[in-house]
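Each chain gets a letter, A, B and C, in the order it is written, and its residues are counted from 1.
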Amino acid sequence: MLELIVISTLNGVLFGMLLFLLSSGLTVIFSMMGVLNFAHASFYMLGAFFGFQLTKWIGFWPALVLAPLLVGAIGMAVERYGLRNTHKHGHVAELLLTFGLAFAIEEIVSMIWGKSPLDYRVPALLDFPAFTIFSTNYPAYKLFMLAVSVVIFVALLIVLKRTRVGLIVQAALTHPHMVGHLGHNVGRVFMAVFGVGSALAGLAGVIAGPALVTQSDMAASLGPILFVVIVFGGLGSLPGAFIASLVIGLVQTFAVALDGSLASAFGPLDPSAGPSVLTDVWNVTIAQVAPIIPYMLLVLILIVRPLGLMGTRES
Amino acid sequence: MNTATTSTSKAPAKPGGDGLRFYGVWLIGIAALIVLPMIFSSGGSLTSFSLIGIAIVFALSYNILLGQTGLLSFGHAVHYGLGGFAACHMMNAVVSHGWPIPLPFIPLFGGLGGLVFAMIIGWVMTKRAGTVFAMISLGIGELVASSSLILRSVFGGEAGITTDRTALPKMLGWSFGPQLQVYYLIAFWLVLSAIAMYALTRTPLGRISNAVRDNPERVQFIGYDPHVVRYLAFCFAGFFAGVAGGLTAINFEIANSALLGAIQSGLVLFSTFIGGTAFFFGPILGAILVTYLQLGLTNLTTAWQLYFGIIFIGIVMYAPGGIAGLLMMHRPLIRAGTLWTVIPSYLVAIVPTVALACGVILTIETVARYSGGEAINLFGIGFKPQSPVTWVVAAVLVVGGAFVARLTWLRIADAWDRASTVARDRGYLA
Amino acid sequence: MTAAIEVRAVEKRFGNVGIIRDLNLSVAQGERHAIIGPNGAGKSTTFNLISGHIKPTSGEVRLNGDVISGLQPFEINRRGLSRSFQVTNVFARMSVWENVRCAVLWATGHRYAFWKNVDSLPEVRERTAQILDDIHLTHRRDVPAGLLTYAEQRELEIGITIASGATVVMLDEPTAGMSNAETERAVALIRRLTEGKTLVIVEHDMSVVFGLADRISVLVYGHIIASGTPEEIRGDPKVKEAYLGEEAH
């Protein structure tokens, strides 16, 4: 039991950090540019697939550097040639553009690499158990993922709090219109922000690929959860995104690990009663419900605190 | 939502000549629906028409949200799917309990299924608008789609719920076994729903929904609560989506969790947006086009979803008013008599644009069929995906086509400029 | 007689920054009251506080004696207060006719009705036509509001504001950006349309202020430093000081 808690906590924090890596880029892009980048999870997926392909050609470690750069370049191109032209038609048009893009990217990926999961292996250097808790070996690769996430997190914090660029980004988080008025080359700033955000998503994909599944529907399964994180944490709030990521990461990991159900806790219902909604709910295990827990949290936060945990902005 | 389109979605029933034309359009539509299966009577055509009819109702219901009230939803299929399940359960109940409810009433229960869910979840969902509403709709859509696999008793798990539409009490001697009878049932409900949804746009609620779309802040200062307006629009959209879902359940005699899924939500968004959200007939055009594309393309290529995505991106970037928007743009020119000045530039642009499209298609199909080696058949010429000749041709078509096409499009823009100026001088453009 | 608008000890802080400090204002029934002050004094914020767009941190606002601070804007609007906006805030994609008609719908009691055809409601049609006539935009009735000239949009803005029949009308810089001729027309329009109503107006153009107002309040750094008749304000030393000699004629 204790083993379950420790392992799940480690995995949960790991998943949470991964979510934060993705949602922080999404939050900054949304706050600065008002664009909800539907294709953000697609960039994550591109990172994983590029990472896989580059690893096959030139090895994992060069791929770790090159793949995010490639994704970042794609992101910048999307901003420059796509979003900038759609900006005049409003935020909904921009959102729809990124939606179409996400759709197209998924199709292209499955066209080139197929629809089955890829054999994206953990690099040999890190393929050993880091430590053993009780009876389970905890892979070193996962610690590596955790380490990378923490380093990026700390770097983000430093950039935001201690550099001029960071100051601009912070201002844009709550007052996006002012950024333009302050005389900064808005076009270039946007392109850079979009590029960096996409590169971060790509990086998350490169390192998460070997540990989680690398498959052409990655983006479609992770995308909605990302949005839940954003709404749950509150728009435009990086601390909110951080807390929301950890909460959702931990809750989902624990849910998957737990195999309980109402039936296992309270005993089976009267077997003579036919199938009904009640029997379904009674017999479902927490693990089966795990995928929808984030959405239930979404409904909860909408009822209790519609602005999100730490949100101050309406839109 | 601040777009540059300035048209309003109305064809007002002004007394006199305009009114005659307005009612005339509706009558022609109804007549066409009645006559269509007599002209194209093959089984395949009937199936297509049935699918298109359902798609039109679904798309029109979606436009109540998007075009009328400015609510972008990524989860509209939820009401559609729940309507389908409600209809299936109702049909099975009618048969097992022997109730005297013939099949034509069933779509109403589909509508109720969609409506009830919209009423329950709608109040919370419409608290926020814009991009946040879009995200929430995505989450709710996933929630319901995933829940449907858990609640097997209601949703039948992976297999879904099946039903037999011929087992209900007959009406007018029709058992609704043959597809022709199903088509007429769908056509009937299509006309009913379209009239109802159009009438809705002419009510106080309909007009205020437009105001909420344009400026929710200002709406408060004329005495309206935008939240209530959005909620009511949401409920209506849910009802009609449920009707479409009921029709689908009748058509296929099955309802499963795919009906509620993200792909279905994406498709209706495509249809409505490509058709054009600013005009009532936009979603009708979009539904027809997208359904035909879907039916046609799935046989031709495995990458059909990619083509959808590209078309969608193209429309978003270059014609956000959709096909309806593009067509209506020509109206002032037609009235001013200057349309013919623009036509030559269109004709010139056709060749390079088609060349560009062919190049893109060749490229995509080459990648898609690379491992399979199956030849690509374009205009009767067979291209082998692994041959470098194909790649060169594709590259030339794409690069050359794009270059020349851009030049011709600039000429179109020039011609439009001149024609519009003349139209403005003659008073046909504001 | 109860004041039309009464603002008592209202404060508004954004974070640690106090934008409005101890604001006290009283507008009598049927009075034409102008609020003037240097840029950044908080005039629009004051409007937003009264009309419910933002909530006071402390203090209260009363409309005809009833407390309205903390209510939603539409609730306040339904009690008889209507306002216009500094940045033109019309329904851009709808025609001029539709814009005014939407403003009339609530007041004529049609609410959220989805069973009536809006084209066949005679009192709605008549009232809309009347207002369009009042603001001299009947000839532009089918033009999408986004395509009007700036001055026309400002006039439409005023039309929408009074269309609901509110007894207390608040106009936020209605003549901003207008030429002299356009300003004269707008002032005549305002005077005619607010006959018998209470008017609160924020303005920078002093000729408009002194020509239109019964009483004037001067807002500086979120606080009313003087309130009185135009003559009193003109002669007040505190006001002169606040404007640093910016008084125009």
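The rule is short, and it goes like this: contacts are C-beta pairs under 8 Å (C-beta built on N, C-alpha and C of every residue); 3 or more make two chains touch, one makes a residue touch a chain.
All values derive from a computational prediction rather than experimental measurement.
Student: Touching chain A and chain B alike: which chains?
Tutor: Of all the chains present, none is in contact with both chain A and chain B.
Student: Mean of the CA atoms for each chain, then the mean for all of them together: which chain is nearest?
Tutor: Given all protein C-alpha atoms shown, the central chain works out to be B.
Student: Would you mind pulling out the distance in Å between where the CA atoms of chain A average out and where those of chain B do?
Tutor: About 31 Å separates the centre of chain A from that of chain B.
Student: I'd like to verify one number: the distance from the centre of chain A to the centre of chain C, where each centre is the average of its C-alpha atoms, in whole angstrom.
Tutor: Once rounded, the distance between the two centres reads 47 Å.
Student: Between chain B and chain C, what distance separates the C-alpha centroids? Give it in angstrom.
Tutor: 43
Student: Would you mind listing the residues of chain B that make contact with two or more other chains?
Tutor: Residue numbers touching two or more other chains: 2-3.
Student: Where in chain C do residues touch at least two different other chains?
Tutor: Within chain C, no residue touches at least two other chains.
Student: Give every residue of chain B touching chain A within the complex, in rising order.
Tutor: Answer in residue numbers: 1-4, 70, 72, 74, 124-125, 127-132, 134-136, 138-140, 142-143, 146-147, 150-154, 262, 266, 269, 273, 302-303, 305-306, 308-310, 312-313, 316-317, 320, 364, 367-368.
Student: Touching residues of chain A toward chain B in the complex: what are they?
Tutor: 30, 34, 36, 82, 85-86, 88-93, 95-97, 99-101, 103-104, 107-108, 111-112, 220, 223-224, 227-228, 230-231, 235, 275-277, 279-281, 284, 288-289, 291-292, 294-296, 298-299, 302-303, 306, 314-315
Student: So in the complex, the part of chain C that touches chain B is made up of which residues?
Tutor: Touching chain B: residues 51-52, 72-74, 77-78, 82-83, 85, 89-95, 98, 101-103, 105-107, 110-119, 143-144, 146-147, 160-161, 163-164 of chain C.
Student: Which residues of chain B touch chain C in the complex?
Tutor: Contacts found on chain B: 2-3, 5-8, 12-13, 199-200, 202-208, 210-211, 213-215, 217-225, 228-229, 232, 236, 278, 430.
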